[in-house]
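Note that the chains are named A, B, C and D in the order they appear, and that numbering of residues resets to 1 at the start of each chain.
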Amino acid sequence: MAWISRNWTMIGIIKGLIVTMKHILQVGNRKTVTVQYPYERMKVAPRFRGKHAVDEDACIGCGICEVNCPNSTIQIVKYDTRWFPEFNLGMCLFCGLCVDACPMNALKMTGDYELADYTRESLVYGPERILFKKEVSK
Amino acid sequence: MNPAEELKYALPNSVISVGVQTNKPLAVIRKEDLLKVAEKVKEMGFDNLSVITGVDRFDRIEVIYNLFSYKKKQNLALKVILDHSSPEVDSVTSIWKVADWLERETYDLVGVKFNGHPDLKRILLPEGWIGHPLRKDYDMSTEQFVTIGEDGEDIVSTDGSNLLRRK
Amino acid sequence: MITNAYELIVAILSAIGVYDMILGYFQDMGMEFILKVIIVLVEIAVLLVFVLLTVMFLSWLERKMFAVVQARYGPMVTGPRGLFQPIADGIKLLSKEDIIPATADRWIFTLAPYIVFVSVLLVYIPLPFGESLIVSDLRVGLLYIIAISAVTPVSILLAGWASNNKYSLMGAIRAVAQDISYTIPLAITAIAVVVFVGSLSTVDIVNAQQGYWFGIIPKWFIFLQPLGFILFLIACIAEMGRIPFDFQESEQELVAGFFTEYSGMKFAMFFLAEYAHLFAVSGIIVTIFLGGWTGPAIPIIPIQITSLIYFIIKTYAVIFFAMWLRDTVPRVRIDQLLHIGWKIMIPLALLNLLVAAFVVTAGVI
Amino acid sequence: METETLLLNMGPVHPSTHGVLRFKLRMDGEIIRDCQIVVGYLHRGTEKFGEMKTYLQFIPYTDRLDYIAAMPNNYAYVKAVEELAGIEVPLRAEYIRVLVMELNRIINHLVMMGSLLLDLGGSTMIMYGFRERETALQMYEMLCGARMTFNYVKPGGVREDLPEGFMPKLNEFIKDMEKRIVDYEELVNGNEIFLMRTKNIGVISAEEAINYGMTGPSMRGSGVDYDIRKVEPYSIYSDLDFKACMCREGDSYARYLVRVDEMRESLHILRQIADTIPEGKTVNQRYGMAPNTGAPSSVMSYFPRIFTPAEGEVYSRIEAPKGELGFFVASDGTTKPYRVKIRSPSFCNLVALPKMVLGLKIPDLIAAFGTIDIVLGDVDR
């Protein structure tokens, strides 16, 4: 209470009002920083840890990623004739330990982060949804 | 002379042995004398109780008190060894207020009973939870379901009968 | 001389040359009063549409300004720059389930939001939007406004009590305490103006502010009573329950205050009332201290239109200030608010009244 | 007049409890006569996870403790493991660790300032705080690919070296931040209403603060000159020039001021690191996990080693943004810790809250609670 009687000039509030007014008038480099999400997206960094991708040629299906996963996200399943990891992204921590562990450098994490889905089952990303073929440079 | 040895010198009967906890002096205390030792230690300047850890070692339960002195900038760890079947030790709430929650947490997760604690009940888990999760023999396979009752009390069941939407 | 909106409508109809015809038609039937009722209904409809449009625009403006201050976009999707967002919100609120808690007092719970809205709407009656643009020039206009404002806390108390929720009740009690303690400085400061004017009629107050001192400074009461203006502004913001004085709904303490339990259309009513109140109170500030609809006359354009424009510009300036303040400051505490009200505002308001009375009696102005 | 006290249940779902905390308040009108805190609604059994996962696998879980500032959690656990196993860390890695931790301290204090002001009703500050936080989070994204759950600090080093373009961005951030802090101070510090709300609210004396186990900025607001970075320097803090910020009053405003000052100090540290960061390896190859970016031919040199620290136990603590964050790790010589105990600053700081708010009003409870700065993920673990 004493504060009001001592600071009746309200200099602090006026200072604050000036700060907000600066933003209203956009003085200085105070641009809008948010983005209109569904219409424009922020660019993710190259190291971004999003949905996994498995190099079809390099993967040997050894299961080291499965062992290293802290949350039992990965299971090795048979696809066509070979064994590939299957990711249950509903349980994934996106920690990147599987990528670190892959001895063949076949695993990577893409910048795909929009993974929300309607059912838990559709969050299980089998080999058909994560395999990719590395483009061979000529 | 490190604080553990100092303590041994001051209370030779209460301190069973002196050692190190990696880089901090450690004194193993007789469990009956914990309160006495705690008072002595507080006198020695250890005014901050950092943490109380309960460790289940199958045949025994260890409770470790990590202390720090703001005045002397020294560390000290106290250890008491309790029976596995009925782990009971005196509460140090009267000496360090922070022990209130730390002891409740240890009671909750490890199952150590602190005698003289003003309000010894579960803190992180709901009242009525079966078992103490950080015991090594805790049954991990049994699912337990928690809901909140009419008066805000916790209701725990193992078969999901208390859930609104039955499993 | 046209004095209110009723006469203005009659004058417009006569100017087009249809009034006599319509009047004759109704006189033939012997039901002249029906015409009067119809005209009054038209007035009400115009006012209601105006209030609703204002509320929509204000809620958009508030969000947009909030966003600009905080370096965000605000509503952008519905309509150009999100201008139709309030309509979308309204449709959403209308289509929501109207929940009445099981333990609530059903009748009072349902009634309260409507009392709030109606009591706010009634404030618009003696509000001069422009030269002769007034629903009714009451001779006790200012008293009427203060009296009607005092109905709002009653309905808030009803809402808070009927919800049967501790947060609602606390919010309602706070709202009542706040409104009671701030209506007094509000009234006393307004009386200081009345001392100058010698009339409680809002039209008279505006007319007293026409003209200029030294040919430049408009004869607004803000220049005559700067202290009174500040006190009145603070009291009005408290009366409206906006930050820094928004205890009735202080979200971080009382969840949503007295309308915690409300949803759907009833919530929309509180929402409407809040912004309608904002405009009405800003209009009152403009009327009493900022010269109302007065302003330099522009040739050719009829005074009714220019005065309306002046009034709206001034009102939005006050609203802008209220929003700007809301963006900047945190909320004071309830007991601090009461302290400020009783121990600072009221003595200062009395002092202000004393000085005003002295000035008038001494005949300085 | 005889009055009845009102039992008010604040939370677990309430706008200003920062998550799922529950206050059981006994109110006399608006005055708090008794305050009980109920926690545990966010308990996830992190300590049990620690016993079930290997040393490396547990690091991602520490991210989820204090999710506002996860890097110190990573580091605190890794530091305990390193002390237990006696692992050396290359100098550059230490510099990077301190860099990311101090950046996280700034983020934490920005969020704290914002949420405090939001609790008090001023909603602009949080957006300003989040605007600057966004820049920092983007830097984290460049660095380790995640914005909040980093999993970046590893035993023996850090996961990846600084990416290209990180240092210029850091310098820009430091320069920008200095201007912005002035903005915040103008917006908040002198604001009379803010002063009315926080001065002499939630006062706790130095002795009580120590006895109640408060640590970090909350305790330094009471005038205890104690900062683990100073008292028990870890990593490279002994080489850096900074001071432990302190205020004597012990009220909410003091606790707030300490944090504003700490942001300045952190910026100062960041500037020193940006100037002096050495070149070299970022990981101890013997223990650490190098990023898997090499050609398949170099498989074995990048293969992660499994830890088997010798039997023993360690309690290691750091100065996290919220206070003393300690990890007790006991090893039994296998690949998994025998016991992991987390001494979280939020949990211990919360003990003192009922003491602070007795006799105050609900709005004061919120002001005091906001300045203690807790995160429920850290309290409930």
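Basically, a contact is a pair of C-beta atoms (placed from the backbone, for glycine too) under 8 Å apart; a residue touches a chain by one contact, two chains touch by 3 or more.
Model, not experiment: these values are computed from the prediction.
Enquirer: Could you name all chains that are in contact with subunit C and with subunit D at the same time?
Expert: Correct list: A.
Enquirer: Rounded to a whole Å, what is the gap between the Cα centroids of subunit A and subunit B?
Expert: 39
Enquirer: With chain centres defined as C-alpha means, what is the inter-centre distance between subunit A and subunit D in Å?
Expert: Taking the average C-alpha coordinate of subunit A and of subunit D, the gap between them is 22 Å.
Enquirer: Round to the nearest whole Å and give the separation of the Cα centres of subunit B and subunit C.
Expert: 61
Enquirer: Let me have the rounded angstrom distance from the C-alpha centre of subunit B over to the C-alpha centre of subunit D, please.
Expert: So the centroids are 24 Å from each other.
Enquirer: Using the touch definition from the top, which residues of subunit D touch two or more other chains?
Expert: Residues 124, 131, 187, 191, 193-194, 196.
Enquirer: Got the subunit C residues that touch at least 2 other chains?
Expert: Those would be 69-72, 327-329, 336.
Enquirer: State which pairs of chains touch, listing all of them.
Expert: A-C, A-D, B-D, C-D
Enquirer: In the complex of these two chains, what residues of subunit D are touching subunit C?
Expert: Residues in contact with subunit C: 6, 8, 14-16, 30, 117-124, 127-128, 131, 187, 191, 193-194, 196-197, 361-364, 366.
Enquirer: What does subunit C use to touch subunit D in their complex?
Expert: On the subunit C side, the touching residues are 66, 69-72, 166, 170, 243-244, 246, 250-255, 327-336.
Enquirer: What residues of subunit A sit close enough to touch subunit C in their complex?
Expert: 1, 4-5, 13, 16-17, 19-21, 23-24, 26, 30-34, 36
Enquirer: Can you list the subunit C residues touching subunit A in their complex?
Expert: 65, 68-73, 76, 324-325, 327-329, 336, 339-340, 343-344
Enquirer: Enumerate the contact residues on subunit D facing subunit B in the complex.
Expert: It comes out as residues 9, 39-40, 43, 45, 47-48, 51, 83-84, 208, 210-213, 215, 224, 226, 231-232, 312-317, 324, 326, 328, 330, 338-339, 341, 343, 347-348, 350-352, 355, 380-381.
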